[in-house]
Amino acid sequence: MLEISELACTRGDHRLFSGLSFSLSEGELLQVEGVNGSGKTSLLRTLCGFMMPEAGVVRWRGEDIRKLREEYHAEMIYLGHLNAIKDELNALENLHINAGLAGYALDDKQAIAALRRMGLRGRETLPVKVLSQGQRRRVALARLLVGNAPLWILDEPLTALDVGAVILMQELIGEHLANKGMVIYTTHQPLEVAGVVTRRLSLS
Amino acid sequence: MSSMDKSLTAGTAKDKLSLFGLLGLVIRRDLILAMRRRADVLTTLVFFVMVVSLFPLGVGPELDMLRKMAPGVVWVAALLASMLSLVRLFSADYLDGTLEQLLLAPQPLSLLVLGKIIAHWMVSGLPLVLMAPVLGLQFDMSAQALWVLIATLLLGTPILSMIGAVGAALTLGLRGGGVLVSLLVLPLCIPVLIFGAGAVEAVTSGMSVVSHLSLLGAMMLLALVFTPWVTAQALRISME
Amino acid sequence: MAINWFKYSAPTAFYGLAGKLVPWFAWSSAILFAIGLYISFFVAPTDATQSEAYRIMFIHVPTSILSMFIYLVMAFYAAVGLVFNTRLSSMMATALAPTGALFAFISLWTGAMWGKPMWGAWWVWDARLTSELILLFLYFGFIALHASIDDPRRADRAAALLAIVGSVNVPIIYFSVKWWNTLHQGSTIKFSGTSMHIAMQQALFTMLLACWTYSVAISLLRVRSIVLERERNTQWVAELEEVRS
């Protein structure tokens, strides 16, 4: 469903990669590997549509994502290095805003259930700024639970997470893949999903 | 805090938000965020008051001269205060990653931007409009002049916010900060200054202000139609 | 023989073409300046009302016209670069900006020098001079924005958007300044009468051409060095004669 053909990316003055082609279908898990500075984040951001590639095209369901714009955005969730949550709001409010912007329904019960699953029981209504880094990451990840987008683009999702949370993430990804979702991600920590073979793409 | 919670969570119980609902959501979000960081809001207002008060100290307390200078002084101070507050329009969202998510939302970006601009004006521009008459009294302005001052600021400060939004979007994350935005935006705001201050002068010399106000109104409509889209493009350029 | 113009939209080919064109424009400019200044100062007759001081107009008017023209050309190239994503157009816009700003500055300076003998003050808030000042600010904004952004692509595109917004605003700014000036009964710097001696017309026209050829020459030179800087990591630059030596 996601096809990349002959993609080339430039950052500033130098070429990061070129001639990159691959595809991602339902139920597939793709890890992008490479040393620091090899263009992993740039690749993911190009897939989101932030950066225009130097050459090549990204297609979703056969259409160029630059033409699809909003339809493509409705079917993907991007989680980058930043958590994208407001410190002054609490976890519940953050989830509701996300839901409103992303255009799907979310009632309090669902939101609280998602936060509890992420291990934030009792912290749903605390302002996010009093939570620890790991807890904030969990709030950011809770977005994945309540959204219904098939494509997950995750840039180092395990940052700041403890062992328990890493296992939880692996479960969540596994469930998403079983539900006909697809995930493309980068990570510096090992991520193994039970029963799924991880495809690897190396940029170095 | 609990009543605010409700306003953010209530809206999303139904399925998809209409365009107005979306606009309302963005405005409410920014207003609530501003309320929880009240210091930012107050500094703009205090700056405005301080700049206006500096002029009599600089030029002497002769009421005749101050009365003549008043519209220009208040307007320039409003311009400067708006410029300084512009940095806040996108920078907080840029720094914590929520701006990225706004670009990725399956909604028209122009609409989301318009919501942010409206909320920003309510927090930074509207207080100036409300404060201006008080300051006008410092300059011994007549009641008529004060009314026209309020009217011009009411029409003009949204224009400043809108043109400023383009500047703020272009300078996202850059080192120059408020000074760079001001350098870019001030020349473009000069027509607003000319007609805004000019209207108050016209009324004090007994002339009609209809043409000034209608020009300001026309500029505001023009800005309303074009700036959200231009700002959205500027955001996309800055977020690459 | 059809010239394939599109070939020159690549920095590599344009570099060579620009290099060949610069001497032509530079020499034309020097000659035109010589002729123009001669006519301005020696051939054109003394003006009845303004005596010798009016001769400053022969520098002031061409530089004013060109500062305006260059802004529009700059905005045009910037827009092309933004819409069609061509690097060379953006480089051309960046190359034009300093020259345009220089002309705006000279125009203001000569305007002040003209105003002093006429009105006794170094600066009068004449509508055109004030608009020229605002134009200078717009140039500064463009240059400052471009200089503040490290990533060359973002810099090009952001400055392009600013230039487009600026050029749309210029008529609005000019109109409002004109209105402001007439309301306040400001002074107007203007040459007396509608008929000009033929020598004065010749001088003006020659100086205008001189300034134009100068700006073409200097902008081509500048764009060459911008091309070199941007493409410094490529093969073709490394193989250039001037780089290898």
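Chains: A, B and C, in written order; residue numbering restarts at 1 for each.
The rule is short, and it goes like this: contacts are C-beta pairs under 8 Å (C-beta built on N, C-alpha and C of every residue); 3 or more make two chains touch, one makes a residue touch a chain.
Model, not experiment: these values are computed from the prediction.
**Q** Listed by label, which chains are in contact with subunit A and with subunit C?
**A** B
**Q** With contacts defined as at the top, give the pair, A-B or B-C, that has more of them.
**A** Most contacts of the two pairs: A-B.
**Q** Can you figure out the chain closest to the middle, judged by Cα centres?
**A** Minimum centroid-to-centroid distance belongs to B.
**Q** Please work out the Cα centroid separation of subunit A and subunit C, and write it as a whole number of Å.
**A** Distance between chain centres: 49 Å.
**Q** Please work out the Cα centroid separation of subunit A and subunit B, and write it as a whole number of Å.
**A** 35
**Q** What is the distance, in whole Å, between the centres of subunit B and subunit C, each centre taken as the mean of its C-alpha atoms?
**A** Spacing between the chain centres: roughly 34 Å.
**Q** What positions in subunit A touch 2 or more of the other chains?
**A** Touching at least two other chains: 52.
**Q** Listing for subunit B: what residues touch at least two other chains?
**A** 240
**Q** Among all residues of subunit C, which ones touch two or more of the remaining chains?
**A** If we look for residues of subunit C contacting two or more partner chains, we find 151.
**Q** Enumerate the contact residues on subunit C facing subunit B in the complex.
**A** Residues of subunit C touching subunit B: 134, 137-138, 140-141, 144-145, 148-149, 151, 153-154, 157-158, 161-162, 165-166, 169, 172-173, 175-177, 179-180, 183.
**Q** Write out the stretch or stretches of subunit A touching subunit B in their complex.
**A** It is residues 48-52, 70-71, 73-74, 76, 78, 80-90, 92-93, 96-108, 111, 125, 127 of subunit A that touch subunit B.
**Q** What does subunit B use to touch subunit A in their complex?
**A** So the residues of subunit B touching subunit A come out as 5, 8-9, 11-17, 21-22, 25-26, 29, 32-33, 36-37, 95-98, 100-108, 112, 239-240.
**Q** Inside the complex, what are the residues of subunit B that reach subunit C?
**A** 166, 170-171, 174-176, 180, 183-184, 186-188, 190-191, 194-195, 198, 219, 230, 233-234, 237-238, 240
**Q** In the complex formed with subunit A, which residues of subunit C make contact?
**A** Going through subunit C, the ones touching subunit A are 85, 150-152, 230, 232-233.
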